[in-house]
Amino acid sequence: MTVTTTAAEVEFGLLYAEVQQFYSRQMQLFDSFEAEPWAQTFTEDAVFDVPTLPAPVVGRAALASNVRRNAEVHAGSGELLRHWLGMLDARQQSDGTVHTRSYALVYLTPRGGEPRVHRVCVMEDVLVPAPGGWQVAHRLVTRDDLP
Amino acid sequence: MTVTTTAAEVEFGLLYAEVQQFYSRQMQLFDSFEAEPWAQTFTEDAVFDVPTLPAPVVGRAALASNVRRNAEVHAGSGELLRHWLGMLDARQQSDGTVHTRSYALVYLTPRGGEPRVHRVCVMEDVLVPAPGGWQVAHRLVTRDDLP
Amino acid sequence: MTVTTTAAEVEFGLLYAEVQQFYSRQMQLFDSFEAEPWAQTFTEDAVFDVPTLPAPVVGRAALASNVRRNAEVHAGSGELLRHWLGMLDARQQSDGTVHTRSYALVYLTPRGGEPRVHRVCVMEDVLVPAPGGWQVAHRLVTRDDLP
């Protein structure tokens, strides 16, 4: 078979793999309450707009602080959360950023109990290039159960 | 480490990323009831064989019409559906088509209510090359709950 | 846009796609109770350490035997299981192996009944290169519901 792969196709293929790997690590860090490493996956002045919080969180320090609070809440509950992304649509922009829109699920498992789907969400990110990979500059999450 | 990547490996890597991106956009269009853009992800005479419908749907016009009907039904229900694919097995054929077999989940979330897994399915597609990407020529979906 | 893709980036992109494809086939074989082809996705002396079994299973013969036992149990139950991986973090090691950490879900669907999330797990694998792809040399699975 003749290979007629263009440079742009190669670039997209690599970008898509890199972004998947980026999100996998980011979600695993979040679920493990690794506050600082997780905050490093955002830009210094990132905006994190999620319906669970009363107002958007801005900046790495506030992001990390928020994860530490989650860790305390969940330590007492005996519940584990797992954040999954899927149906990732990644679109490279002419300014070098990547806009993504994906679905996000949260699974909740009580110790000794039955797991369940806790949240179904849509996540829209602006990713910017960073040394060794990507960082989130802006995140907007909406929940399917909220009007 | 010496890189000994072959052209065939490069081609597979790009194909796999492209097909994932294709499905992500297609499912997002479907869940947003974007009837015409969604129908354009199929060939003009595509066959769409799913257990929810009494007979296979054939052709883009019928596919788009079906999505518009879904939109009306769901507008009244206050429920959101999200279609996810996973465990994508993509195999390039010697005729240039790609045969895929993947798992498909449907999550359902009532407004103000708890989300749940609504359907667990297996999806088998024949994809054909199209300008700028891929199109589905044939889709067969089976549901795990049906005998 | 100037393409400045390095060989290492190309290699990572292909690796990530290959590993996703590998897991998709492996999980589909498992859910279809294809004991021998599934066992071939492990090394001859692979260690399979999962909380469902009283002790780690070692070697292909024992792995295949275990799948045949699952097939018998489920034939009578009328339930279908689907194993999904997600949030795949794949890290190539200097010795040529790939260490992966991913989330694993098991969906269970009774015939004629409602599907549900049965298990939420974390899966850690050591993959080794094999002719035509990869094999699992070591797998450790932990369940979120178990202490």
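The letters A, B and C name the chains in turn, as written, and every chain counts its residues from 1.
Here is the rule we go by: contacts are C-beta pairs under 8 Å (C-beta built on N, C-alpha and C of every residue); 3 or more make two chains touch, one makes a residue touch a chain.
Owing to the predicted nature of the structure, the values given are computational and were not obtained by experimental measurement.
Chemist: Counting shared numbers against all numbers at the contact of chain A and chain B, is it over half, same, or under half, different?
Modeler: Different: fewer than half of the residue numbers at the chain A-chain B interface appear in both copies.
Chemist: Tell me the angle, as a multiple of 5 degrees, of the rotation that maps chain A onto chain C over the C-alpha atoms.
Modeler: 120
Chemist: Just the number, please: Cα centre separation of chain A and chain B in whole Å.
Modeler: Computed from C-alpha means, the inter-chain centre distance equals 23 Å.
Chemist: Which residue numbers or ranges of chain C touch two or more of the other chains?
Modeler: If we look for residues of chain C contacting two or more partner chains, we find 10, 13, 16-17, 86, 116-117.
Chemist: Please give the residue numbers of chain B that touch chain A in the complex, ascending.
Modeler: Going by the criterion above, the answer is residues 7-8, 10-11, 13-14, 16-18, 20-21, 23-25, 27-28, 80, 82-86, 94, 107, 109-117.
Chemist: So in the complex, the part of chain B that touches chain C is made up of which residues?
Modeler: 1, 3, 5, 9-10, 12-13, 16-17, 86-90, 101-103, 105, 116-120, 144-147
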